[in-house]
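Two complexes are shown next, each including chain A; its partner changes from chain B in the first to chain C in the second.
This part shows the complex of A and B:
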């Protein structure tokens, strides 16, 4: 069966990242738990054009550190050849122009000395900088005037003793993490130290750190490049999605290390919700969720002025502190109509009470609405964590299962696939609730909710099978069921994401909030 | 290595400023190479600072002058904190040359004092920085750890 094949090939490619993931995932604050993605390798294949692209797929490329270095070297060599300047200077110029080679060359051809000046390259060329002993020299930093003192100056000619230069550079590199824009120590001099001068001056250890920092600025300078945020991952990802497009696409990329994240905001995969909604949602949750829960559970509003009231004891006769309205806590009706039943109220059907309860209900709706989505969001977040725990226990049992039932390692991998499908689908489900919270009703929301429901039911069913005791898991019938369900879950997820992404791209969703942060222009999709 | 580094330079600076200092700057105490006190006066007749003397406290780290010194005004019965839109009422000074970005190791105690003198001389606004009260109440950081945003260069 062909789904089977799919899983088997996934397993091998994903296998080595799993243990790493589990350690890091549970600790962080901003942690939604799970990065594993069963079809990560399929994504990259799609990227290469093997499969038809889904609407939520975007093209991106993963670069390893050596690729990043190579790109920089190529650019530097090109500029070095075209403009007839040293490689060190070419690098400084490129950094100054944020690696925009075309603009650099154009500007340089136009007004070379101004460009060199602005980039921190002195125009006087007195040969490459080197260490020197200058008779009668006094260092302006340490005031040392010993004869035979080694000194150094950049092309600007501000000369200091080598010892002070070293101190200065190590402070900048180690203390301040500066590399690309270390200036001459002289006050107001903007000449920038180049890589070759640095190599002459400092210890190899510091040089290594310097080059590492330089290397980083390349990625940080370019809008189309970002570091993979996974701990200890050194890869960079290139993706052409711009900030202003974030209302139309959720640019989810997956690194070679297995980590899936959003290129727009660097948070873990949050499809189908657009970045701005995610930001708002997380902020809202951080602010409100516990408070809102408590308010919902413990308070009611005064039927007259809507002040929130907590009843902390005593009888049902309430007098609002603010507006002095007197009412019954049980039925919310006027106290004056109430007679003497102070400790129990049996007049639920009276008119004044019903009206007050209606008003109460209305004011609760928005709170309840939020809690509805929040609770489901939080539930999936937590369930994914629990599923993962169970998986780790299951992993040990998979080994047992192999021993007892004689199944091979390959034959028990269906549990691995199921676990990963659970994680990924729950991650998606979780964000569908944040998405739905901001979604205004139109004729498309029903399809969305159906997709959400289908995925949710499939996931819960798979989750239940997955929790079965190990003895039952060995049963070949259950194994087939789990494999089928796993593939069904993955398919439902793809359908949901495809639908939401397509509508987002075409601006067919209506949201009850803005989709772009201030400054960017809202596309037609934001409001109608 | 780094302790004698600061000490050597400070020793030479001390030698120089003990014998001569520009007008309006006086050395109050320099008993060690960690903390010095100096008094400064504004020389022209800017009404905001006339007839006043201000006390500055310099603290040097072992990697001075590679790192900037920490410089604050301190308050004594006869030494107020000057009113200035870049000087907080607790004596903390927001001046780019005292931050890591603006500092140059070529600067020294004398040049810092002169910069502060001219910063006062050039000011005509009788006010504290925006948010002074809040900052003074809430700040627990050392001046060097505060991320000042140097927003204007006119005063």
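This part shows the complex of A and C:
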């Protein structure tokens, strides 16, 4: 348990949230494969027999909007009781302390007036804020001095007409999306507007927006909370993995809405590649997009007869319609060599150094190396898409078939599972190539490449079965084969991820680049 | 909005009746209270002494709830002013997150003047000039004086910002949020 203690928080794990699909292998849930874990551990952990979660597995918890609200309310109530201050003030203090309750209480006990001051809660109280008409008043913002003008002031006593106050608040809330830290309109005054004062001043509509923004700041203020990036999803995820841990772990989380993403960088699941590699890889691909553009083409020429071959499924086992030549779409090599122990399609053969003496040769080798990995990365991305297309087409035909033959829906769920497995495994494979691109050779790389090869072979085999004509798919023999292959693919993926994650956690990989961002990233440092 | 003009008219009256030191204000168009022309005298005992700098102040329609924009119409060699015909300024109180509707233009203009007396190289718009200011003060002063001689002598022209062709500082520049706050947006170029 030693290596990922750091990443285990007291929040419950994925297993608590996601339906346990161990009794139903055909579940459509994307997180299939957890039933395979014990086997994976026997393979990858020889030293002892304890059961632990896979090394790549991360503890996290999903919160729905009401949970997020409840958490805030609980903290506010607690501080309200312990420190004997109003709920509005407790909320402002908590936001000021970025919801670190312990530090707030400690600091407040130590020096209350300084804390109140710094949080914008002036200590001189003149009763609860209310609207008021003040004789002889001149508004310092609009310079209006009409008698009977309604005015408002926070505790600091800086008084302005209500119209100006409203305009100011709506500019902050609507215009700037600010909520938690709106200050008194007076120059140099840091008193913060509280929710109750806001309720007095503005329309319910604006108040609703204000509370929505406050609600968001709670999540945005906490390093352990992040919004699910899926469009229209309002859930938040809690995870204890910190920025500084990102060279040791790839924290993939999965939301109740089904979206799987990286807690570190919010991008789609990119295991096994660490966040920093992903960032560098994506930048490199964008920079070199022209060089690599031809790769994503849907057509290539048959290496034997040169007739044009179109790829319309995910499977990389190509058969030329004309000359029946069988070859690999990825490396254009003979397919017959791919099913054997000689399979070498995933590995980039470093040529001996003698060949690359001059700079030009070196840069050619480095381009070849990049293209090798990019080719495979882009290909799995494309194949995942094509697999999905095939699945949707098949699904349609299946529905048709069900109507005609009276087969029940459950009986074809195995195709859904197979499709999910292909998607997830190809996503993993994709990132293994970005991972490998930055990997410096050591005694572990061969094991990694073997795992990669095994997963890739399993995926291609499943992908091929998947493209069979509908009549064959309905056959029970193929159905069993597909189910077996699906479960095997998932198993291979777990093995690969577990191995890479363990070695990452223990710092046993060597990369030819830094794994932690310099911190200055994103700063305005470019200049000419 | 009548009440809004009331505030601007009051500020204008205050600024013309008792102008802040070294500052004089005029309206290029009497019917438009939202554009001010300001002449700023280079403060004594600074490299800018003897120069006269034109500033254009533009008040947004919902002034004072949004910050005005202030730009140099006269070229100036300064770490906090873009070294181009846009003359964007990086001024703390004008940043959206700092702006308060009670802030007065007189105060803003005094802050600009204070920037000439004491540049803020740690918050620069021109990183190169800021570096020079810190590392080679003599060279900085020489360059600043040359600029004064070349651009800040004689009658102040306010149209230069409009008529001058935009410089070629493509894509560089410190795009600090809200910095400069020029009417043309944040993409100020850093001309070498």
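In this section, the second predicted complex is superposed on the first by the 393 of 528 C-alpha atoms of A that agree within 3 Å, B and C clash if a C-alpha of one lies under 4 Å from a C-alpha of the other, contacts with A are read in each partner's own complex, and residues count from 1 in each chain.
Assume a contact is a pair of C-beta atoms (placed from the backbone, for glycine too) under 8 Å apart; a residue touches a chain by one contact, two chains touch by 3 or more.
In this text, all values refer to a predicted model and were calculated from it rather than measured experimentally.
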**Request:** Overlay done on chain A, so just call it for chain B and chain C: clash or fit.
**Result:** clash
**Message:** Tell me the contact category for A:144 with respect to chain B and chain C: first, second, both or neither.
**Reply:** both
**Prompt:** Looking at the overlay, does A:121 come into contact with chain B only (first), chain C only (second), both, or neither?
**Reply:** neither
**Request:** Considering only touches as defined above, state whether A:237 meets chain B (first), chain C (second), both or neither.
**Result:** neither
**Complete:** Counting residues of chain A touched by each of chain B and chain C, the higher count belongs to C
**Footprint overlap on chain A, where chain B in one structure and chain C in the other make contact** = 140-144, 160, 164, 167-168, 171, 175-176, 185-188
**Request:** Sort out for me which residues of chain A touch chain B in the complex.
**Result:** 140-144, 160, 164, 167-168, 171, 175-176, 185-188
**Complete:** Listed in rising order, chain B residues that touch chain A in their complex are 2, 5, 8-9, 12-13, 63, 65-67, 97, 100, 104-107
**Message:** If we count contacts the way the header does, which residues on chain C are in touch with chain A in the complex?
**Reply:** 3-4, 6-7, 10, 62, 64-66, 93, 96-97, 100-103, 107, 127-128, 169, 171-176, 190, 192
**Complete:** chain A residues touching chain C in their complex are 140-144, 158, 160, 163-164, 167-168, 171, 175-176, 178, 183, 185-189, 524, 526-528
